[in-house]
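For reference, the structure I am asking about is given below.
We call the chains A, B and C, going by the order they appear; numbering starts again at 1 in every chain.
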Amino acid sequence: MGSERPKTFAGRFFEDFRLGETLRHATPRTITAGDASLYAALYGARFAVQSAETFARAIGYPQAPVDDLLAFHVVFGKTTPDVSLNAVANLGYAACRFLAPVYPGDTLTAKSEVIGLKENSNRQTGVVYVRSQGFNQHGRVALDYVRWVMVRKRDPAASAPQAHVPDLPAAVAPDALGAACPPIDAAAYDLALAGSPHRWGDYASGERLDHVDGVTVEEAEHQIATRLYQNAAKAHFNLFSESQGRFGKRLVYGGHVISLARALSFNGLANAFHVAAINGGRHVAPLFAGDTVFAWSEVLDAAPLPGRADVGALRLRTVAAKNRPCGDFPRLLGDGYEPSVILDLDYWALLPR
Amino acid sequence: MGSERPKTFAGRFFEDFRLGETLRHATPRTITAGDASLYAALYGARFAVQSAETFARAIGYPQAPVDDLLAFHVVFGKTTPDVSLNAVANLGYAACRFLAPVYPGDTLTAKSEVIGLKENSNRQTGVVYVRSQGFNQHGRVALDYVRWVMVRKRDPAASAPQAHVPDLPAAVAPDALGAACPPIDAAAYDLALAGSPHRWGDYASGERLDHVDGVTVEEAEHQIATRLYQNAAKAHFNLFSESQGRFGKRLVYGGHVISLARALSFNGLANAFHVAAINGGRHVAPLFAGDTVFAWSEVLDAAPLPGRADVGALRLRTVAAKNRPCGDFPRLLGDGYEPSVILDLDYWALLPR
Amino acid sequence: MGSERPKTFAGRFFEDFRLGETLRHATPRTITAGDASLYAALYGARFAVQSAETFARAIGYPQAPVDDLLAFHVVFGKTTPDVSLNAVANLGYAACRFLAPVYPGDTLTAKSEVIGLKENSNRQTGVVYVRSQGFNQHGRVALDYVRWVMVRKRDPAASAPQAHVPDLPAAVAPDALGAACPPIDAAAYDLALAGSPHRWGDYASGERLDHVDGVTVEEAEHQIATRLYQNAAKAHFNLFSESQGRFGKRLVYGGHVISLARALSFNGLANAFHVAAINGGRHVAPLFAGDTVFAWSEVLDAAPLPGRADVGALRLRTVAAKNRPCGDFPRLLGDGYEPSVILDLDYWALLPR
């Protein structure tokens, strides 16, 4: 009953991936109230549904769910040993849908399908597209998303498969939203307790919101967070090797930035209680410990959900910047981004109507 | 159903407060075993009642309560967005009573009444007095306290209300103590397990106790703590803005200092298992990451509780200092404090008789 | 009901220990899901049995146990106020057996027996040998181990007891292993989910495994960990005093290094799901914040467990080094260790057959 795979695993290189293959990821993870506490303490989120059993139950949840992004990070973490241990860059996300609520006590597992491969012209690297799914203990899909990463080749001379780039939607359609949000009693949603009088109907396309506050990131914080997600990517933990690398220091996990921006967005979007989908996201520049993160959002669209009068969806573009307040909404500068911008995230959030 | 309130909230200024108005604070919070673990890990508290289910049940609690100061910080955190976002200084506390035990699973909410207003002579700021209450999910008051803060005016020319300063007691009376402590079986209180042979009757007024140990504070620690309490005060998190501010660096939340001093006080007060009231407290000087906190206490009074033979109360003055051991009990220096002193706290603790 | 013991406790000195005396340690501790989350976030362990309820139950556990080393650290922490507050060095461990699984909800207490005393020739210090036991709330021994520490004398002139050094086994015998591991259904142990195809039978004596990854330690991390264990040893927390001490900075708790090495060993030993015994361990050199820890292991022995076909034991020597990858398996250098080596740990782990 031996195995040919070496016991110490150095990760897959570009030429190890096969179009259509399924990767079943290791390390099932039971999410607990302890994880929810740590998540709260690491980001300071104040969305009432995730913060209080009483609030969640009053509007129709069977119990308070954990933050959607906690579930995302845990599933993402499982994919890293098989997908991105030798990644040069995490290039993008698409078509990410939250399909079942995740509660303390649920156990998440994950698998990924290789849906695209394209060698780069330098033959040193290639882009791998995977569709990853997170499952709860009942076998129900809780999360479904595509990401693509640039992965090193072990051997630049290795032959590459024929290029295949999947078609990806620019955004998740409104009628595909809401599966992870039970029907809620919008009248029982207490606006004062939630921290803002603004329901879904109070927002309009084109509206821009400065989230005002800034938060400085410490090495211990992002390391604790990234380990909580069992994300084993080396760049976040190893000062010895990173001090000799590209940046000379540890890189903060991109998902940490997303969670920081989401927590900051409470000031302006306090009732956007559920992330229903991520349409796309770019980590425009790296974040390092010692930097202070600010964020602002633009409402790209406001869509009702077919058949639901309880909640509506806002398509939001949340931009995070480092060491620069966002009162003037920094983003584009000619063809690119302002140098301070670190994240450009496009997602759908649900609010009570 | 729109709202006139802007979506991004910059906090109330002095002229926004009205005497007698009630502020219902946002973000209900369910306290969990995860919060208790984090609290333990952030401060190293070793009081047996909060540390062990077996110990708590043996003396008569239905389950182990969370640390009293965890409940205090959570309630305090709720008040910050409405009361102290534009505060210059947190000036004092009075009449703080713990009125119901808080257990993992309880949900806390908070409201405050404005009980005093007094513009300062410079007309730039004013003092706001609020009486805040924390409630559990049964609507029972768990915490009731007064604090006063110096708040900036938006417009120095704005007219100020007639000054009103509330009468505040110098201390909570012994007969108002104990509501949060169920009747305990003092004979079942295991002194060896608790870590000290000294019961209530072993302490006398005037006794002074050096708590010996020192603990150095890290930025990640106080940020994690303060976010756990959903305390949104900017000065604790934002190095970018604070580097241009008064101190040039982030300020540690005053409540963090109180919890550090309380945890240090275990060495000398191991059986002071419950904080029943806070009579008053002054944050004499700021604490910053990298500083080492020491503490000592003086017994100001020892009072029985009317009608209770199970526990007695000690009125304690706990003084914390930074970067200076407290074996010689530093406090007063002429009219003021020794420069190393950061906290002067006056509270009632209960011990088994 | 007074007591002669001073209220502030400065710890025992060498001359305070008596051969054969039993020390009943303070602070019972209920382990919770919050503790398990923090442990996961501090070390990044990915062993499936401790990570997921579903995985643990599938193989026969009644619920997911906490990490064995979490239980070890909690028991160890209880012994520090009575044994090692005045220790100069933690010299070694022996005969450490894990005898009952520890689950969230269990409460641990501890006691120690003084089994050896030997004054050093300089008469400034002496070595104290204690056999410590951790008990769960049912009174069952969960952990049993010997450690010895060098402890300062209060008074060098104090007379010393006759030297007594206990006989200690070089290793725990295989027939004494396994009490903390229920019978498991090895066929239900899902290798893909666990992260490695290698069962017990795939390892052989003499095999060496580089664990590849490195992890940098932050002050906040080791302080949070060490407080989670209620370990009150001063050297880990007090920069003010340590800056004037031997190293000029805070020392990382040795157990933190053990847990870091164990978590790193997942890469190579993913199915070594249970630490059944620690035969011995040496903290060869101190670790400080800012250092990056690497590790490698050698299989010293592979032993079946008498009467059990479900699991087998590997005796492992895990060596941790700082600021030095371990691909070339650093350890011995002439009579001593390479200067980078910080830990040399000899233990038994169980794997499915």
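Some notes on this structure:
Heads up, the rule we're going with is that a residue touches a chain if its C-beta (ideal position, glycine included) is under 8 Å from a C-beta of that chain, and two chains touch if they have at least 3 such contacts.
Just so it is clear, the structure is predicted and the values come from calculations on it, not from any experiment.
Both copies, subunit B and subunit C, contribute mostly unmatched positions to the interface they share, with under half of the numbers common to the two. Subunit A maps onto subunit B through a rotation of 120 degrees [Cα fit, steps of 5, range 0 to 180].
Here the spacing of subunit B and subunit C, counted between their Cα centres, is 36 Å. The set of subunit C residues touching two or more other chains comprises 32-35, 37-38, 218-221, 224.
Interface residues of subunit A facing subunit C in the complex, by the touch rule stated above, are 1-3, 5, 7-10, 24, 26-30, 32-35, 37-38, 81, 105, 107, 109, 137, 218-221, 223-228, 230, 232, 234, 237-241, 250. Residues of subunit B that touch subunit C in their complex: 32-38, 40-44, 46, 48, 51-55, 64, 192-199, 201-203, 209-216, 218-221, 224, 267-270, 290, 292, 294, 323-325.
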